[in-house]
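Next up: some structures, all given as structure tokens.
Okay, so subunit A shows up in both of these, paired with subunit B first and subunit C after.
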Partner chain A sequence: MARMSMAHNLHSYWQALPLTLVLLAFLVFPIAVIGIVSFWDYNSYSLIPDFMLDNYQYLLSSPVTLQAYLNTFKYAALTWFFTLSIGFTVAYFLAFHLRSTRTQTLCFVICTVPFFTSNIIRMISWIPLLGRNGLVNSTLQASGLTEQPLSFLLYSDFAVVLAYVHLYTLFMVVPIFNSMMRIDRNLVEAAVDAGASGFQIIRDIIVPLSRSGIIVGSIFVFTLVMGDFVTVKIMGGGIKANVGMMIYNEISLLQYPAAAASAIVLLATVMIMLVILFRLVDIRKEL
Partner chain B sequence: MNKRPGSFYPLAAFFALFVLFLYGPTITIALLSFQGPGGGLTFPMRGASFHWFGQLFEAQAVGNFGTSLRRSLLLGLAVMICTVVFSLLAGLAFRKRFKGQSVIFYLTLTSLIIPSILISLGIGLMFDRLNLESTWYSSGFGSHLTWTLPFGLLIMFAVFNRFNPSYEMASVDLGASHWQTFRYILLPLLAPSLMGIGLFGFTLSYDEFARTLMTSGSFNTLPLELFAMTTNVTSPVLYALGTLTTAISLSVIALTLLALRVFRRKSVRESEA
Partner chain C sequence: MAGSVELIQTTKLYDGHRAVDGINLKVPGGSYCCLLGPSGCGKSTTLRMIAGHEAVSDGDILLDNRNVTLLSPRQRGTAMMFQNYALFPHLSCRDNVAYGLKIAGQGKAERYRAADDMLDLVTMSGFADKLPGQLSGGQQQRIALARALICRPEVVLLDEPLSALDPFLRVRMRKELKSLQRQLGLTFIHVTHSQEEAFALADLAIVMSDGRIEQSGHPRDIFEAPRTEFVANFIGGHNVLQPNSTLLPTDLHPSFSIRADQLTIEPLDVTPPNTITRLEATIVDVEFQAQFFYVETRLDDGQTVMCYLPENRMDDALVCHGQRVALHWEKSAINLFDTRATTR
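So, the complex of A and B:
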């Protein structure tokens, strides 16, 4: 028996090899390159191998960086709040109020299908609704609620957060729904029999027992918003900046070492926050 | 059947609004892509026509949408195949204990949640420093795998967490070889999950933008083409292309669901026979 399990172990090594090689070549090595280049010097034409801290020094002392980080945290906090509220409510409805498994599966699929379509198109889709002559503004004006078109609807913080909530709520729905489906229905039954109100059941049973789903969803939403630049670029109309846009702009100006330093600082920020969140949950048990 | 609780109705209404929120915008641009030739980017509709879809196929109107579509489809297929095979193998590997497994697991998680712009910048810089040319089928392909493989591996974990190993044991007890057990027991049992992984692999690659941005070299994939269009195209032709791509994504999802159905029917029939 011992020999057999040894053989299996050896199989594991070659079976894990393709994944490992892809991760080494396209994740570990590129990040190492970013790390190295972040200490390099550059001029308008080329990168100059060096070991200097100027990129970091400039980055960490610039008010632009601070502003970008504050903006990004603001987006992350707002998006987290809305995706969690909406995602929890939707997951709760799916898990506890739909009786047949068929309807439940159908509604769940309806919630997840947009995940498999293009984010860029889903963002572009807001333009005819939110633009100055868009559906929302023309409806508001026609009904006499506003006289001028509201300009904050598109190319604004509002539009950016709206798009985040639109794109990422399902990252909350799926893990929270998953946790809720594992809650023993007898617990809820017992609480009802003991006279608990609906609100008490949610607060004292459902929220604590869906905790891990909430954390997994938060990890997704948080990291997606922290590293985003596409949404801010399209929905912010080029006037709003977050950390991702800052890096994107440096790349566009071919200031690779500066972009690399910004990227490393972003990575460190995200990692620190993830270490905290991962302490709260064991991912492998959640699958 | 006992009465639904009073909270059912407001929650159902909330859910309906949520679905409207999810799909409303996409439906709007689908409608607007059928604008008449004189129509603009917003309502009202000025007639209805296939004018803007026709425009798509005239090369000068929107750059090279046909070739970028072909690139995206090819890349999606290649990424799908590799994602399915590599995830299956890695999933099998993780059923046993082996040295370095937690490192690989955490690297996979990192690959999933790392800000995409780091992958883009890192692979772009790496190819540049190694004097390799960035192309969609080399660096672009690798960057897509960093996005699809984590989903594949996590799905495999979810599958094996619920997997009943007694079929395999029975097969081994009956004298089947490793290969036979894999081919005739494991693979058919895993097939539906592998189709699911294939769906993730294809659609995530087909729609991927941020990780492709600096890794696709001088030729655009479809999402990059779309992104470029958002800044310089101001006619409903943008919506027509968006509607077309969404239709392709939806057909892939529908095909997968259909294939799963057929497969399930077939295995039910076989088990009854």
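So, the complex of A and C:
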């Protein structure tokens, strides 16, 4: 008996081995290297192995860092707000207003259509639309609504948040839709029976019962926005910066240890946020 | 009287299919009414139309002589108890019960006091702070009942309230429902597919089939004189027989029924008086059912007749498998079906 169960245990370890190796090689090892390099010294053309805290000291006392973090949090908060509003509405419509499973599936597939192309292409396609001589501005001017082209449309916070919302709303829709589909429809009827209005039903029944979906969606959106730099680079036009852009700039200047230190701090920030969010939801119940 | 319900030519169409087909029904206030029928007969749809959870395709619904066909559930003054109870899983029992008052705009202290009183009524005071998921089926049902009663409805609608319980608990909750209904003097409309449940509870039983009312009345009247072949078969305890040359009082009816407990089994050589119909049959099966014996016999033309034989009338020598016997019944015990109903 004992031998058999030991053999069984051994088999389980064998089965888990490939994934463990992959994670060690492609996740743990790179992060460890970044962690080590973040303590190294550097000059303009070489990395010097060392153990010093200068990188962190500079990073944590620089006003540029503070600005970049504030910007990142601002993007994250705004994106979260808009993706949540849109995502909740879309999921609610899909889950409660579409009667047949067929239209539900069809509309769900339509929601995923933007994902048929890459992030970069989807972002770049905004540029001819929002630019100074873009479609929106020329329409507004031709119709006489504005005299000058609106400059906030592109290379601005507006453009960055717009792109984020466009890219990430589906990450909010899917988990919320998933938890809404598990809500017993009789609960809605019971609330109607008690006299609840549409708004009261959403507030008292649907929001509390899709809470875990909302939190899972928020986790997706937060981590994606916090770690992003491409969107800010393209849509911010190099004027706007977030933490990702800061790291990107340091890498292009070959300041690898400084970039590594920034990366570690960003990782820690995101991890702290995730710990807080995961406290609010039992993720295993959702899978 | 308050709490009377009236349906006038009420119809429900689903994609052209008549789920409920123009039914007329009057339920007096303060009565316990059971809608009885097999699944798919339209009884739940009827209940949901009375509750206001299902739009009426045609016809009217009157509560207290007030036309409520287009009103919302709360405006009607009805309250529904759902089949799987539909308690809000994220709210405590107290909050579940108080929800209707919260919607009505009552303050927290006030509505919690009312909810605690209601929990007291269903003897669930000790569970006020528990979540529904922590309760057993019977306990959840009491909470659901308390929630339905909190807004002082005149009519309480129960959709198969006992079907999720085990048989022992079902009988107990049945008694509690009935006594609560009597105590509060409310109209209860209760949907069930169990004739036993309906007969035990109802002042007024409505037997439905295929979107129509087959028969309505006191359970005892229905049992004594089922109006159609369907009713006789559905409520059980009746033999539905087709007449032929050897057996039949008159040839006017296509079929008739005779109660299984009004048949006697006699030896072949007994000559009955002429108030009694005599038929020869072969015993196919004998089952002991505690209070009585269930005896299945077959007539010579192949029809099956069942008899409920009281234990003290059981004659082991006569009633055994394969025995030829004579079935006797009083001619007055024959129940003729309503021909207009059967040929509708």
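Just so it is clear, the second predicted complex is superposed on the first by the 275 of 287 C-alpha atoms of A that agree within 3 Å, B and C clash if a C-alpha of one lies under 4 Å from a C-alpha of the other, contacts with A are read in each partner's own complex, and residues count from 1 in each chain.
To be clear about the criterion, a contact is a pair of C-beta atoms (placed from the backbone, for glycine too) under 8 Å apart; a residue touches a chain by one contact, two chains touch by 3 or more.
If you're wondering where the values come from, they're calculated on a predicted model, not measured in any experiment.
Undergrad: Aligned on subunit A, subunit B and subunit C: do they clash or fit?
TA: fit
Undergrad: Given the touch rule stated above, what does A:280 touch, subunit B (first), subunit C (second), both, or neither?
TA: In the superposition, A:280 contacts neither subunit B nor subunit C.
Undergrad: Look at A:111 in the shared chain and tell me whether it touches subunit B only, subunit C only, both, or neither; answer first, second, both or neither.
TA: A:111 contacts subunit B only, not subunit C.
Undergrad: Looking at subunit A, does subunit B or subunit C touch a larger number of its residues?
TA: B
Undergrad: I'd like to know which partner A:194 touches here: subunit B for first, subunit C for second, both or neither.
TA: A:194 contacts subunit C only, not subunit B.
Undergrad: Thinking of the overlay built on chain A, is A:227 touched by subunit B (first), by subunit C (second), by both, or by neither?
TA: first
Undergrad: Should A:186 be classified as contacting the first partner (subunit B), the second (subunit C), both, or neither?
TA: second
Undergrad: Does the superposition put A:209 against subunit B (first), subunit C (second), both, or neither?
TA: In the superposition, A:209 contacts subunit C only.
Undergrad: So, A:70: does it touch subunit B (first), subunit C (second), both, or neither?
TA: neither
Undergrad: Report, in whole Å, the shortest distance between any C-alpha atom of subunit B and any C-alpha atom of subunit C after the two complexes are superposed.
TA: Once the two complexes are overlaid, subunit B and subunit C approach no closer than 6 Å between C-alpha atoms.
Undergrad: Does any part of subunit A touch subunit B in one structure and subunit C in the other, and if so which residues?
TA: Comparing the two interfaces on subunit A, one with subunit B and one with subunit C, no residues are shared.
Undergrad: Flag every residue of subunit A that touches subunit C in the complex, lowest number first.
TA: 184, 186-187, 189-196, 200, 204-205, 208-209
Undergrad: Report the residues of subunit B in contact with subunit A in the complex, numbered from low to high.
TA: 4-5, 7-8, 11-12, 14-15, 18-19, 21-26, 28-29, 32, 41-43, 82, 85-87, 89-90, 92-98, 100-101, 104-105, 107-111, 113-119, 121-123, 125-126, 129, 142-143, 145-146, 149, 153-154, 157-158, 161, 199-200, 203-204, 206-207, 209-210, 214, 223, 226-227, 230, 238-239, 242, 245-246, 249-250, 252-253
Undergrad: Which stretch or stretches of subunit C touch subunit A in the complex?
TA: Residues in contact with subunit A: 51, 53, 72-74, 79-80, 82-84, 86-90, 99-100, 102-104, 147-148, 151.
Undergrad: Could you pull out which subunit A residues touch subunit B in their complex?
TA: Residues in contact with subunit B: 5, 8-9, 11-13, 15-20, 22-23, 25-31, 33-34, 37, 86, 89-90, 92-94, 97, 107, 110-111, 113-114, 116-122, 124-129, 131, 133-135, 138, 166, 169-170, 198, 219-220, 223, 226-230, 234, 244, 247-248, 251, 256, 259-260, 263, 266-267, 270, 274, 283-284, 287.
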